[in-house]
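Here is the structure we will look at, set down as structure tokens.
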Amino acid sequence: MSKQLSVAVIGASGYVGGELTRLLLGHPNFEIKFATSESFAGKLISKVHPNLRGATDLKFSKISEVKKVDIVFACLPHGSLATKISEIEKLGDIIIDSSADFRFRDSADFAKWYEGSPAADASKWVYGLPEIHREEIKKSKRIAVPGCTATAAILALLPLVDVVEKSKIIFDLKVASSGSGNKPNLGSHHPERAGVLRSYKLSGHRHTGEVIQELGLPDVPGYSITSTPEVRGIVCHAHAFLNSDLTDKEIWKLFREKYSAEPFVRIVKEAAGIHALPEAKILSGTNFCDVGWELDGNSNRIVAVSALDNLGKGAAGASVQCANLVCGFEEKAGLEFLGLHPA
Amino acid sequence: MSKQLSVAVIGASGYVGGELTRLLLGHPNFEIKFATSESFAGKLISKVHPNLRGATDLKFSKISEVKKVDIVFACLPHGSLATKISEIEKLGDIIIDSSADFRFRDSADFAKWYEGSPAADASKWVYGLPEIHREEIKKSKRIAVPGCTATAAILALLPLVDVVEKSKIIFDLKVASSGSGNKPNLGSHHPERAGVLRSYKLSGHRHTGEVIQELGLPDVPGYSITSTPEVRGIVCHAHAFLNSDLTDKEIWKLFREKYSAEPFVRIVKEAAGIHALPEAKILSGTNFCDVGWELDGNSNRIVAVSALDNLGKGAAGASVQCANLVCGFEEKAGLEFLGLHPA
Amino acid sequence: MSKQLSVAVIGASGYVGGELTRLLLGHPNFEIKFATSESFAGKLISKVHPNLRGATDLKFSKISEVKKVDIVFACLPHGSLATKISEIEKLGDIIIDSSADFRFRDSADFAKWYEGSPAADASKWVYGLPEIHREEIKKSKRIAVPGCTATAAILALLPLVDVVEKSKIIFDLKVASSGSGNKPNLGSHHPERAGVLRSYKLSGHRHTGEVIQELGLPDVPGYSITSTPEVRGIVCHAHAFLNSDLTDKEIWKLFREKYSAEPFVRIVKEAAGIHALPEAKILSGTNFCDVGWELDGNSNRIVAVSALDNLGKGAAGASVQCANLVCGFEEKAGLEFLGLHPA
Amino acid sequence: MSKQLSVAVIGASGYVGGELTRLLLGHPNFEIKFATSESFAGKLISKVHPNLRGATDLKFSKISEVKKVDIVFACLPHGSLATKISEIEKLGDIIIDSSADFRFRDSADFAKWYEGSPAADASKWVYGLPEIHREEIKKSKRIAVPGCTATAAILALLPLVDVVEKSKIIFDLKVASSGSGNKPNLGSHHPERAGVLRSYKLSGHRHTGEVIQELGLPDVPGYSITSTPEVRGIVCHAHAFLNSDLTDKEIWKLFREKYSAEPFVRIVKEAAGIHALPEAKILSGTNFCDVGWELDGNSNRIVAVSALDNLGKGAAGASVQCANLVCGFEEKAGLEFLGLHPA
């Protein structure tokens, strides 16, 4: 099968850009024409992403060198795409963005959570979570891929949102180090970061705004992020109180209704065994979000659990999934990697 | 200073027993006369605990070989001490137990959380948490040391318990692998356990009962345990909703009132820096429980955080602290190790 | 493309069997008909290998239930296939074995390194290292896949074997935990294994025999294995003394001659950067063996380095590569995964 | 016991300085009067070393603020002390330095391994390895503490140096991340460093010069350093060829002769068990160097093994041990911590 569509990866030297490059190299329909990095322009992309050695001779270009392609994948830091959107729109008809710039339907919400960032007109954009917006995504040419922790939080609670106390939800998220990007700092210095469970952001995290928007929450939920010593992976525990007594069977029904047809959401809830609930480490490199839950027999509490790879379903994988939908390709194209066990 | 008091460690081959042995070897007032292990009897204790090489020639004995000592430290599996308490009481006037057998004031509570375990008369026993029961401990000769996660949960929330919605508290605990003991199984097999954030017990954990008892909770709180890839350390996030608006300054006051005089509870809440809130990894080997919190400016929510070494303040360190109080020694005797950084 | 050939994986519940199952599920030409496990027979294979959830409905069978297929992949413990080889030969014309049973051309060598194991007639078998035996593999129907550390050691030193002192070679190997299989024991218990650099086997390791055979060494080389805290990956440092002065350029020539045409051996030797020499962690899940070296400017010493995934090029990946050669398929078929960065 | 001697720690914000500060705070005879850091001057030392919270109110000073003390512990970067030695000598009669500046008896050797560094007159200095130079240390007031990997290499091979081929020794060292200091860079960025076994320096490492000097080697030995994913710890495998056949009993004799009376070198060589040979992880925070070996029954090769904490016996612990000797205190004073198990 020939690679029908040409693509550019804008901001390809970061971790999301690198993962996207890897996925696109293996994709049956997309051909990477440009992978940009202002600071590494002219260098082989495998100098930055050593896993790509031998797989491509592609070199980084500057954005100014990019010619018109079919699809632009943007992986720039938050606030960057918004300022150059008119320039980027000339480079491709379809834009898939993994930054926060166009995720909010209401610019007031954006302003609240991204104080100081440039305002952007997101009216043409669709929030790139196929589990909620698949049909809109298929018809759109502007996709704002969700934040990695937001995807984990939303997919954990989505089937339950109408049966729990909406104003008492607590998302307790455990997030690996690659979620903080590729810039060294004291907090990411190995002797300081190895082995920590660090209270990174216990309230006020920017992704909270997306979760409120997509789940339709009336208030700001608890949203606390603990940094873990792993490199990839998010595990979300969504603690909530049921509005009425529900049996495990009824909860199963809610999850099945929501996710049975989803290609990348798996319900993981087994009666026994060490892998009975979602875990992130077997998901590295995949586009899966595994979900499960436990009812507390001693109270009206439920804990929903989700796990995903922050660079996979949390960013680059989701970008490819959305691109597949926009272009009418098989939704799983290029996303078949199953993950490793043990890992 | 001579080592005035003789002690026996019953169940010294486990991780708690080993840590207790290490602490007692360095204690100025206690001299270990016996360290028991039915399966390793006759072998050097350093064969099981290699860190003790060269520090002692002590060999494991069987319980039947133990002669009368001043203090018995019991580190047997839950349910074991209760069945042989009359035998053990003959071996020492003072008994410090790190199992669950005597932690509950009400045997009905014990029965609820430890279904199937032998009932025990705990009427002479004091719950060994000095931060709540110091004066009782000083006067007692029977101390039931708290469960490791219970200590983390109680100390995180103790200053706040009267200002939050008591029926909506969520404890989200992150617990390292040594908390599950020294018996290999598939879940502890390195390729399966390394790198996981595993939903180990999302509800119904036995320590919940202790937390209800000590904090005086009206209902069963959320109490969810995630296994981490570390060997030592517990981090607890206690999510709660304030009954009324409180400022950060008022919360400071509550924590200071409770903990300023405590030798092993440190308030860790800094305005900046990577170690701004409690972390477990710098506490390995210590008896500290560090506590902190964050108020969510967007809601009435507070997250209290605690961190400790499950084998330290969570078990063996707490046992020594209690023994110091019972015997009238300096409360910090033998517990001066400050922990490592980096680690 | 239809999946033309039917295969059985004998011993599919172990780590090598699981990885092989994963690779075969994604292979364009092979269709798994049977995956055996005597103890898990009747259960979904995803119960043991959770990464395969949703990817297959295959259940484990017993060996006695296996019907004739085109290819048998054997992943049994050492000594097992040899005792049932006549039975297994009836199940498939082609047998690819990842155990040690048929790796030695001379049964005396086998007896020396595998004392007590059943003798086996290996006369029809080819050592499954394409980098040495590609043409023989293509013509054979019996392939004995190399030991994981042997592949690392051989490929590190192969270009240099004729220019170094053959009797003074030291292989210092660093090996991750999955190399020891899926059976829990005290040494694999997470609190004991996490974070170790443990001298696992400093001499006498069984794979030494294969290395002697394939490199044609006159003596037993140094062959020391250190267990690392990782789950996958082998790094081999081969220390050797050059027979005569050679420049770096001459060494480059030796490596290029040997490996330029190899699809899975990459020369990794960069002048700068943090990934200048082979590393295992970016190779997890791949079939690559990266090789490099450094000349010591202060002596006549050279250190050759190799890295691979012990379950990939070290076992399951190598099995698929050999099967591709035997069947005349594209050598890289089913082995296109590039590995993750960061990871 | 009163703290008789006043000390200053010059360069106390680094990892060695922090560990030294921790050790000195717990030392019965030394009292820290000054702990310097030019960049953190005026801040609590616990802001940088969070393990010291509550243990001291000491703040960092600038060097220019230091008043005369009994002992100066210098922990400056290599090349720094040499340039200000006349200034520092005014601050204390006794100087214990953990940098490389005064380790070489012959300035030509220093020039060879530290090209470009300022020359220094080391004639008054003693190499601070008590296992070789105890009596000289006792009589000296200038101690140059060895490099961390040099201590591991020297102590592993010292008992064997006269029975092996001196020109064919290979030191294969595995070194944790804190050995590279506290400055973040791409190589120390957690996503890049976590989980690696990275060929950091396969030849030409500066510590090689010390090892040649102290072991009296005729040539430059193999000296290769692999970075490990741990934070503390060095494991050294010294591969060597015996000049003549020696039995294990004879090797035991050599090690016992050398180390039986040593307070911090333990021979670890057990017939069975998972901790049969030296491991670093149980040594974190201690001043031990554990040593062992294995004879290869199939050749004339021996592998000696050593393990230590690079910040302990490899730097700060060794500094305190030397200071104890210089001052006539108990050699183990302040160094009693036994290390943790499990850890």
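Order of writing sets the labels: A, B, C and D. Residues in every chain begin at 1.
The definition used in the following text is that a residue touches a chain if its C-beta (ideal position, glycine included) is under 8 Å from a C-beta of that chain, and two chains touch if they have at least 3 such contacts.
For clarity, every value in this text was computed on a predicted model and none was experimentally measured.
Colleague: Among the chains here, which has the CA centroid at the largest distance from subunit B's centroid?
Modeller: Of all the other chains, the one whose centre lies farthest from subunit B is C.
Colleague: With chain centres defined as C-alpha means, what is the inter-centre distance between subunit B and subunit C in Å?
Modeller: 45
Colleague: If you average the CA atoms of subunit C and of subunit D, how far apart do the two points sit, in angstrom?
Modeller: For subunit C versus subunit D, the centre distance works out to 38 Å.
Colleague: Distance from the CA centroid of subunit B to that of subunit D, rounded to the nearest Å?
Modeller: 35
Colleague: Mind pulling the subunit B residues that touch 2 or more other chains?
Modeller: Residues 15, 178, 182, 186, 191, 195, 229-231, 279, 342-343.
Colleague: What is the shape of the graph in which nodes denote protein chains and edges denote touching chain pairs (line, ring, star, complete, other)?
Modeller: It is complete, because no pair of chains fails to touch.
Colleague: Can you name the residues of subunit D that touch subunit B in the complex?
Modeller: 15, 18-19, 22, 25-26, 47, 49-55, 178, 182, 231-232, 266, 268, 270, 273, 275, 279, 282, 284-285, 290, 336-343
Colleague: Please name which positions on subunit C make contact with subunit B in the complex.
Modeller: Of all residues in subunit C, those touching subunit B are 15, 177-178, 182-186, 188-191, 193-195, 229-231.
Colleague: For a test of understanding, state which residues of subunit A touch subunit B in their complex under the given definition.
Modeller: 168, 170, 172, 174, 186-187, 191-192, 195-199, 202-204, 208, 219-222, 224, 226, 228-230, 233, 235, 237, 239, 241, 274, 276-281, 292, 294-299, 301, 303, 305, 307, 342-343
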